[in-house]
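Below: the structure, in structure tokens.
Labels A, B, C and D are assigned to the chains in the order they are written; within every chain, residues are numbered from 1.
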Amino acid sequence: MYEGKIVFNKKEAKNIYLLGIEIPKNILKKFQPGQFLKIKINQRMDPLIPRPFTIHAIEENIVYILYQIVGKGTKSLSKLRKGEVLEFLGPLGKPFPKLKNYIICAGGIGIAGFGFLLQKSANKRNFYPPETIFYGARTKEELARLSFLKRFGIPVKISTDDGSKGYRGFVTDMVEEELKQTPRTVLACGPKSMLKRVAEIGKKYKVKTYLVMETFLACGTGFCMGCVIPLKRGKYAHLCIDGPTFLAEEIALESLS
Amino acid sequence: MYEGKIVFNKKEAKNIYLLGIEIPKNILKKFQPGQFLKIKINQRMDPLIPRPFTIHAIEENIVYILYQIVGKGTKSLSKLRKGEVLEFLGPLGKPFPKLKNYIICAGGIGIAGFGFLLQKSANKRNFYPPETIFYGARTKEELARLSFLKRFGIPVKISTDDGSKGYRGFVTDMVEEELKQTPRTVLACGPKSMLKRVAEIGKKYKVKTYLVMETFLACGTGFCMGCVIPLKRGKYAHLCIDGPTFLAEEIALESLS
Amino acid sequence: MLASGTWGLGENLDNFFALKEIKENIGALVTKGVSVNPRKGNLPPRIFETPCGLINSIGIENPGIKEFKRNYLPRIKSYGVPVIVNLYGEEIEEFLELSQELRGEADGLELNISCPNVKKGGLFFSYDSKTVSKLVKEVREIWKDFLAVKLSPVGPVYEIAEICEKYGADAVVVANTYPALAVLEFKPLKILQGGLSGPAIKPLTLRLVYEISKKIRIPVIGCGGIVSGKDALEYLLCGAKAFQVGTANLIDPRVSIKIIKELRDLKNGLCCKSNSS
Amino acid sequence: MLASGTWGLGENLDNFFALKEIKENIGALVTKGVSVNPRKGNLPPRIFETPCGLINSIGIENPGIKEFKRNYLPRIKSYGVPVIVNLYGEEIEEFLELSQELRGEADGLELNISCPNVKKGGLFFSYDSKTVSKLVKEVREIWKDFLAVKLSPVGPVYEIAEICEKYGADAVVVANTYPALAVLEFKPLKILQGGLSGPAIKPLTLRLVYEISKKIRIPVIGCGGIVSGKDALEYLLCGAKAFQVGTANLIDPRVSIKIIKELRDLKNGLCCKSNSS
């Protein structure tokens, strides 16, 4: 585990916070888009297990995490203040695949990991930029980091379930419309129901579809075998070492429901 | 449990912090010197049990606690910041007895409860002021709240084990010297070894001796029977409802070692 | 229900509750263990905190049945909810004497065959199915009202639960504390042996309730680590017909009001999706 | 020692340690349970956090003994510390076959008769003293090196410990995880049954170690909830001759270095008075 000092921890959108941690540059250098950190939320034993968060962005010697409050760990995390020290482990997991001519589909907090991808692809560091980002949330209030995302000059198409901003409906409707016109690789991250729909659409339009998956992790290091994702033909992948990004066609559908 | 907002939480001396909590006045009104609060240190389950702290002082609608860092609870407490909200229960326990012509003997963090006694006796609210306060600590750095204590115009005689301030030696030496000259009631709070010595001295000079005791408390409300103090003749007292202040002659000595 | 040993003998329950609140939130009051003769309880230290749990070794401190009936029971009854007296004995005869003493005086009995904190008897009852059979059968002959047996979570617990059903208990309480140990000081070694309770053990007792309620038809009363309405609901979903709250009362004397409110809200589906605790 | 199932099969231990660190801090590596045939393990979810604890239901996912010997064991041996292979079988014959396969290949065996996460066999071994007698006796005939039996914390554990001693085990590991249950979703009810580990259970396993080490003369290896040097010292003071660290490895892969350092410091009396954890 490394230690990092919190330099930023503020509300960004409804229930969504942005956390900045100062980290020695030699560690930061290893970080790749799509990888994650495991953060020990406090020094006491409840919560016991560090929680995984995708690397959202990097600036100078600061790594940013974009997180949503869902339970005890994220709630405690949101109470930490500037100046406090966190323990974390990482980078863990595999980076995003290096795609060309692809679009991004993000639902809710699923947007988190793509910030770093945009940064790295803008700097032409092994990653290519997506052609469009489709980003959906339930309401306008739950959309986060829009101005940051737009900074990269790539179209960001918004949807909200209630129509309070952008297209009214699911982000997957917009994606389907797009693929109908120009079939292209999709990289998607969001709630299970969204990923399932993306997988269906990808299949329909015969495009390569990558899904960033989630499950409860214990170790994040391949030690416990707790993080399995069922694959087709009865096999299992281990999210923390084989993922979190998987090719949709390899995943067994039941793991998406 | 009540809720109170932290308005102050700062280091006062080596390992000793002063905590101020804003509390509705109608609750504050009930507080008496010698009573304690049970403070839930965070909203998570570790530490599980609220910790007991004597009421140190009251100003306007703020109650002050003077605490020493000894373990997980007090360590976590010292990390809380202004603006955070604490849950607490109280006042619990019996107030100090209403003494006249008495001296105070405090060792280390044992000084905490006497601040409130000085305040109340200065206002002539049922309590009489002590004639002298004998206050010992290991070193100068561990003496806390001296200027506050001196504010009441009552002599405060200091001792330190290493002589870095005041008399060099144990506070009980000074107390013995005093009693030899003028036998008087003693009210004492401090580590067990000090209390034991005070009890011996009190016996020797045949003066009424009151000891403020400590033990690990669970409920603080008389529910669990976990907080027993062995009395003479094989009986038990329950610290949280019968104490924390006891007449030395009633206590079985083994509970002081 | 408030679990045995975690709200005293009712001396000061009304410092923390209005009578109305007791009636609206508490289904029954289960008293601290009562024995034939007064017991002083164990030497201190009696309590130690462990990760998310509490070890206690009180040793059934209580005034004895005579004094209990005279000076405590009337007050407890005055709170206006059913009173279940938790009985502690080292021999079957003691349980019988206690049951006899309480005839017509209480709404129910809870036989504590599972206290880990007393040297003789107690815990060992719960290992010995023959003695438990005899105990339940003989108490049943004397005591016609509600009769529950409080099981130990260790030992042959499924077998004992079936015996309680067979010999006429109306319910089993699952469960008492778990035998545990804490090191207080290293040198010289000072330890505390006692029973572990609190959130730490919830997953264990929940499992027991789930298994036992599949095996017997009399109601299982869940008890172990409940501190929130969500915990209580979990017990009910896993087969418990009622639940008791113990350690949580020591954290916050009014916790039962909070638990019942949360449980009602959860049941009303208001926050069925929130698992945050 | 690193406990079974909490550092994988050594595929990437050296991502987190220098070889020198392994040699200096780790007394032995106890592998994940290995079975005769490959096992895919249980369906997800396999892991759930409880107050200060962790429930797991991995289901002994492993490549089977043949593949293990070929592709995993050489690497584990290359770390340069004694390798103890944890064996999982559903029948005595399987354990015998596994022991046979490993003759001359490992420094020791740990017989897992206590996994709560597999339907058949496993846990039930630990309830059945006759089967355990037979198991230990027959493995002992095949396996002449270090032989440990990993006990379940539930069931007739004292009796089983004595049997292990009687039939020639060199040590017992006290203990595996505790049968536990968590509610994942209310409606429809979705539960996870598995084994509880971590700090929550430390007071329980510490008690078992204390009692068992008074009853048998072969070494007791303590295992349950150790996350600090202080925890480890408590086990040693309560009678354990060695200890294993499990769940803590999942929190911090390098925790064993921290634990050993803290333990050394404590033993050197540097901070014998500090009980803060």
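The criterion applied here is as follows: a residue touches a chain if its C-beta (ideal position, glycine included) is under 8 Å from a C-beta of that chain, and two chains touch if they have at least 3 such contacts.
Fair warning: this is a prediction, and the values are worked out from it, not measured in the lab.
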item	value
Neighbouring chains shared between chain A and chain D, ordered by label	B, C
Maximum centroid distance from chain D, chain identifier (CA atoms)	B
Distance between the centres, which are taken as Cα means, of chain D and chain B, whole angstrom	47
Chain centre separation (chain A, chain B; CA means) in Å	52
Intercentroid distance (Cα basis), chain C paired with chain B, Å	35
Numbers and ranges of chain A residues touching at least 2 other chains	45-47, 72
Sites on chain D at which at least two other chains make contact	51-53, 198-199, 275
Chain contact topology (line, ring, star, complete or other)	complete
Contacting residues of chain A [partner chain D, same complex]	1, 40, 45-50, 87, 89, 215-219, 221-230, 234-236, 241, 255
Chain C residues within the chain D interface of the complex	50-53, 55, 154, 178-183, 185-187, 189, 191, 193, 196, 198-204, 206-207, 210, 225, 233-234, 237-238, 266, 272, 275
List of chain D residues in touch with chain B within their complex	51-52, 275-277
Residues of chain B defined as touching chain D within the complex	45-46, 70-72, 75
Residue ranges of chain D in contact with chain A within the complex	5-8, 11-12, 15-16, 32, 40-41, 43-49, 51-54, 56, 58, 61, 198-199, 227, 247, 249-254
